[in-house]
Every structure is written in structure tokens, then in C-alpha cells.
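Read from first to last, the chains carry the letters A, B and C; within each, the first residue is number 1.
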Amino acid sequence: MSQKPKIAFFQCQWCLYSPADQNWVDTQLPSNIHLTKTPCTGRINPLYVLNAVQGGADGVMISGCMPEQCHFKTGNMAARRQLEEFNDFLNHIGYEKERVRFVWLDLQDRGIIQKQLAQFEQDLEVLGPAKNLITRTKIAEGGLNA
Amino acid sequence: MNLILEKHALPDLLQSWRGNYDVYLPQKMERFSHFMPLTDNSVLVTHEPHNTRISPKALFLPMTEALVKFTRFGGYEDAQQVIQPRIIFAIRPCDAQAVQLLDTSFIQEAYTDPLWLERREKTITVGLGCHEPCQTGFCTTVGYGPFNKADLDVLLTDMGDAYLVETLSKAGEDCFQGLPCASDEFVEQALIVQRNAHDQMPVAFETENLKEKLEQNFNSDYWETVSQSCLGCGVCTFLCPTCFCFDIVDETQRRERVRNWDTCMFRTYSLEASGHNPRPSKVERTRQRLSHKFVYWLDQVNQIGCTGCGRCVRYCPVGLDIRAMLRQAQTLPFEVSHAG
Amino acid sequence: MPDLDAIKTEVRRLLADGVVEVVVAFKPGDTPLHPQPAFFHSPEEVDSLVHNGLCQNNLATFLTHLPKTKKVGMVVRGCENRSVNALIVEKQKSRENLYLLGVPCEGIIDWRKIVEHVGEAVLAVHENSDEVTVETREGQFNLSRNELLHASCLRCAHRNPISADILIGEPLPEGDPNLARVAVEEFESLTNEERYAWFQKEAERCIRCYACREACPMCYCTECFVDHIEPRWTESGATPAGMQGWHIVRAFHQTGRCTDCGACERACPMDIKMTYLTEKLNNDMRKKYAFEVGLDIQTQPPFATVTLDDKNRFSV
């Protein structure tokens, strides 16, 4: 792959417990990674993921807090149920399951996110660019393939 | 001019047009037919005794089309659509009539829709009359017929092994150059087919005084009765060849301003920015749909805004039937007005 | 087949005794292929009530069209009963304001398949448990009922209404609950590319009339995500992204709520298949959370609840 894979990165703003990590994400993220910070993983509507996928992301990474450590008590638990199912569902219609990855971070985790992103990027390079579901394309004349 | 076209010569003729035109013809798509561009292995579908599922209005007013593209720094440019000259083959007379009706709203003195006009000017329509009556259609009831010639450049009549080709314009004549002339006898037979087809269409409802009845019963319980099983989807209006409402939307993700089909049957159609909705329920929306076709069109251009293609009847998910609705409307009370 | 007279008698009684204000059922349409949902307010109107295999709508969808406090009677089949239950779980109606007349269902006949077999000019349709007799202008045709059934009905596991106030007719043997799973697994055995190609082919016919949404009893939001202008959740037009987005999200919003009645597919004017999407989600809900929609009126769908037991479910 000549170009680096495009990654949409959704992050719960509470999940990086070390200020250094958060600082790195906020300021030093490589340009092929698009960061969207949310108040909680529970705020990540599956439609956000879909939008990233349709817009041409080669992979989507979601990072959030471990169970029982959610800033809003159960936001991450709700998100886990939904987003995991959504990933399964996208897979059902042909989007590779490996292109969506979850990282659940613990209180003592330091410097994990950088490694995870690097690993994800490597794995995506092996998979190659995403082909299915990238649909923000030209409108056909007459609608309905006419 | 009346010509004969043998059916076995048709595929070659269609292919010969491809050099100069985009040719659209009804082809099989899943369990129905749909106007699609002619390719090397296209198969024409005309045996169905009814229309294509989506009306050919989609070829003049696409479901979605880009009008303007935004550029990065606050500017915009034309969407620059390229519209090729084209032939629509085997369009049914009701659908062609509908396109002509739509001209009255897209081509006006005050404003002419440039995209509509361009598509209209670059299109040659080859109509195929309906020799078999269709079950849900009611073209004769609303004043048209299975061999209506409005807005056609050519009208074909299916005569078994061959078509009778009636050319109705210069452009149509050019497309069918070199075909043998039809004998008087053949034309005579075709006329019988046409008359038979016309006579086989039953009168679905009376149109006399219909406008006054609908108008005067604007607040009647009738609307409640006919709309209560309506789901509020857009099947009837989206498949309708004379429904032309559209909605202009800025697609920020695509950086385009697009025009989409819209329908008065949706809640959001009449929803105002304040939150007020002048047509809050399906009662008002159903009234709008029927009244537009059978009252307002008559007010505006003195023609019924329905060509009786029967798509809304056929595909309504709850089996609502506009013919039955209007039959019921005919039982409503009304007063003859002497004002005008 | 259900005893029509028994249904009518019961509906008449409900209306005459004032048990309910309105009964939702079907009446004959203009053509024999399309019976229409109808609202019966007085016992006299009930003569025209019909109930047969061609009644293709899920009547539960009309429940949210009516005022919440209105006392409603409804003739329900297995799927409709479960949809009603799911609506009660979501507090769209209370059970006290409902009277359900249960009718065991032998499956819904797809009118398009009849037309495919015998053509347009249908004059009358008669049916029994095995055979459908269609009278047309060309003559009489006997068709096998199973061949005409809708796909969802062929794999239906709950043919009997489960919580009706009165059951009219003898309960039928229940269907095989594995059929739904098998259908999903069959689809999943295809490769990613094949599955995507299938999805693409189905979704691209969409004209965005939202008949699927309106026909679905569980789609009762006053404002749908596609109606939003700001934020724009998905493209509004008939573009590939818009059409696929609609189909993905419409189905996903049904997770743990869909009863697989197939009303969406039957309403679609473009014959788009949709239940292969919702069936997958239903299957997952059964597998992961042992949840089946509409079996009672208390259990919340999986996405509406969380438990800490979940934490062992996820390895990463």
C-alpha cells in the first residue's frame, strides 16, 4: 500500500488516564488518523461508525473505559452491546470484521494507545484498502441505475 | 406516416440507434420491469400488460440529482451534468401523457427548469400502446386512452409479429427511416386493435362534478374514512408519473446541493421551521394528494393531474385504491355553483 | 383456516358491549388480492370483516396511530401479537386498553407470487391449509399454498398468538425455531464480497418511499433519523450511500425489537429483501442474550439494559 491506511479514531474523553497519552492523542496524532472525541463511548452512535466507513475509512478504532470505570457509570456497557453488534452487522453485509477494533483501557494502562494504533495500522496494511461500503460516490443519472 | 416494423428486426434497429443516442427501454429487474439503458445483451420486456414499476418521469426528474457543487473555500460551481440525446423506447401512452402534464409546471413563463427543459428537448419518445387492458389502470376514465398520442414522437401498435409504426414527428420519422410503408389493410386492422383496447377499459369512476364534490367537502368526514388505513409512506406518490414534488437539500458531506423527490404524504413535507405543521395528520395529507390531482390541477391548467396508470393502486401496501376512493367521493353531497 | 363467523361474532360482541371503542382488522379491498386494514366502530360494520392469507399488513402498526388511552380491539396473528407485546414493553400502549382476538396463522400469501403464476386478471381467491384456488378470467388455477407463502412465514416459529384474550380456532403446531437460524447461517457462509454484492444489489433498488418504515409496527418515532436535517445522519437522496445507510440503520434500529413479521418486505414496492438483515440481528439476540422479541410484556430488549455480567463477554 502506497498510502497509509486511513483510520477513524473515536475516543471517549475519559479513557486515557495519563495526561501524557491524552496530550499525544490531542496534538501528535499522525495525519492518517482522524480523531473524534466524545464525552463517553455511550455517545458513539453506530451511525458515526457507518459514516466513517461510508466516507472511506480503512479502519475504525474505538477506545473507551473498562467496565465499572465509566465516568457516567454504564455508558461504556451500553456502548459495548451496541457497537459490538453493529460491527457484527456490518460484517454480515460484507465489511471485514477486523476493520473495526475496540480498545478498552484500564486505570493503570500507560502508553497503550500508541501501540494499539500502530498495531492496528500494521494490520490494516495487511488487509489493504477497504473496498466495500465506501459509497459516497457520484449520483447515477435517472436514479436507480438508469 | 404509417410503417411496418417486423419484430425480428427490432433488436438491430435498437442497436443502430445506440451510436447517436442513449436508448432506454424496459428491461427486467428482479420481478418487475424498469427503464434501463440499452446494452449489448439487453432484453426488451413488453409482454407485461402494465407499466414499468417506476414511471419514466425518473428519466426527466431523477430521484436525486446534483444542482450545485460547493468548493472548498466558500465558492460553488455548477454540477455540470451531461445530458445525452436519447430515445425512450416502449414508453406507455399514460406515462408520456404524464410527462406532458408535468411540462405545465416545469416550463412556465415565469421560470423554466433548465435541466427539465434540456432533458425534454433531447428526448425522443417511442410509445407502445397497450393492446391488452391493464387491471389497475383507468386511462379512459380520466380522459386519455391506451393509444393516446400525446407527447409521443412515434406510436407503436403490437400486431403479433410486427408493429404498426405511426410516426408523429420529424424526429420520430428519422429514427424509423427505411421501413416499408404499411398497407391500408394493416392500418385498418391496427385501428381495430386500438379501438378494442379502448373499449375494454372499464369506467372506474365518474369524473363529472368530481372537482366540485371534493372541493365542497373539504372538511368532510370522507377524508377521515378514506385515509384511516393509509400508512403514510410514499409509494403512491413516488411511483406516480405526475407527482413532481422535490426537495432541495444541501448534502454537506458530499459538498453538493441536491434535488430529491419528495412527497406530500410525508410528515416532514409540510413541516415548518417553527414546528407547526399545516397538514398534521394523514387525513390532511391524503386530502392534499387527491385534491391536487382532481381539483388543483383543474384549477391551474384545466386538466386532471392523473393519467390513470394504476401504479398507486397496484403497489399500495395497504391496498388503498384511488378508484374506490373517488367512487366514494361521487356519493358526497354538493351544490352546483353558478358563480363562474 | 380461521372461522370467520366466530371472529365476527366476537368482534360484534366487543363493540356492542362496549369492551372496546374500535376493532382493528381487515376488510375486502377493491381487488381480491389486496384486503385493506380497517377500523370497525359499530357492530353493524362488522359484516364486511375478512381474515385470510392475503391480509399482508401487520396490524400492530396501527396501534401507535391511535390515541394511547383508546380501548382497542385487534385481530392478531402470531407475529402481530408479539409486535403488540413489544410495543407494550416500550410503553406505547398499556395492556388494559387492549383486547386481542388471537387467530392462529397458516402464513401470509404473497400476492406477487400469485400474479407471477396466474397473471393479472384475478377474480377471486379461495384458500385452505394446503391449497390456494385462484379464479381468473382465463380459468381456475390450483396452487400449493406453501409455494406462495412469504419468506418470513415459511420460517415462522410462532404461528399462534401467545397472549391473546381469546383464541379463535384450534392452535396450530408451532414452527421449527431452527429455520431462522439456518437461513442466517446460510447467508453467512458466503464470502464478504458475495454478501456485500447481495446487499448492494438489494439496497440500490430503494426509492426511499419509506414504506418499510411505515409498515413496521416498531417504527413509531415521530421523527426518523433520515428526516433530520441537522445533524445529517445519512445522505438524503437515492444515492448509494443514502440507500445503503437507510437499510443498515433501519435494520439496526430494530435490534431486539423485530418480530420478523416481514411486513417491511411485503410493503416494499421494489421487492427489496430486508429480513435477511433483521433476521441476523434477531439471531444474534437469541444467541448472545437468549432474548426473543415479544414473548412477554416485561423483558426489556438487550440494548435497553446493561448488566455487569457483560464484562466477561468481551475479550478485547
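Keep this in mind: a residue touches a chain if its C-beta (ideal position, glycine included) is under 8 Å from a C-beta of that chain, and two chains touch if they have at least 3 such contacts.
The shown structure was predicted, so the numbers you read here are calculated from the model rather than taken from an experiment.
Chain centres defined as mean CA positions place C nearest to the mean of all protein CA atoms. Of the two interfaces, A-C and A-B, the higher number of touching C-beta pairs belongs to A-C. At the far end from subunit A, in terms of centres built from Cα atoms, lies B.
In whole angstrom, the spacing between the mean C-alpha positions of subunit B and subunit C is 31. Once the centre of each chain is set as its mean CA position, subunit A and subunit C turn out to be 35 Å apart. Averaged Cα coordinates give subunit A a centre that lies 46 Å from the centre of subunit B. Residue positions 51, 136, 139, 143-145 of subunit A are each in touch with at least two other chains. Looking at subunit C, residues 205, 207, 235, 237-239 sit in touch with two or more other chains. Counting partners per residue, subunit B has 54, 62-64, 253-254, 258 as the residues that reach two or more other chains. Across the complex, subunit B meets subunit C through its residues 29-32, 49-50, 53-54, 62-64, 134-136, 228-229, 231-235, 237-239, 247, 249, 251-254, 258, 260-261, 263, 266-268, 313, 315-321, 323-324. Against subunit B, the residues of subunit C that register as touching in their complex are 29-31, 33-39, 56-57, 61-62, 112, 116, 119-122, 205, 207-211, 213-215, 222-223, 227, 229, 232, 235-239, 242, 266-271. Of all residues in subunit A, only 46-47, 50-51, 54, 66-68, 74, 77-78, 80-82, 84-86, 88-96, 101-104, 132-133, 135-137, 139, 143-145 touch subunit C in the complex they form.
In the complex of the two chains, the subunit B residues touching subunit A come out as 24, 34-37, 54, 58-59, 62-66, 81, 83, 253-254, 258.
Subunit A makes touch with subunit B in their complex at residues 51, 55, 136, 139, 141-146.
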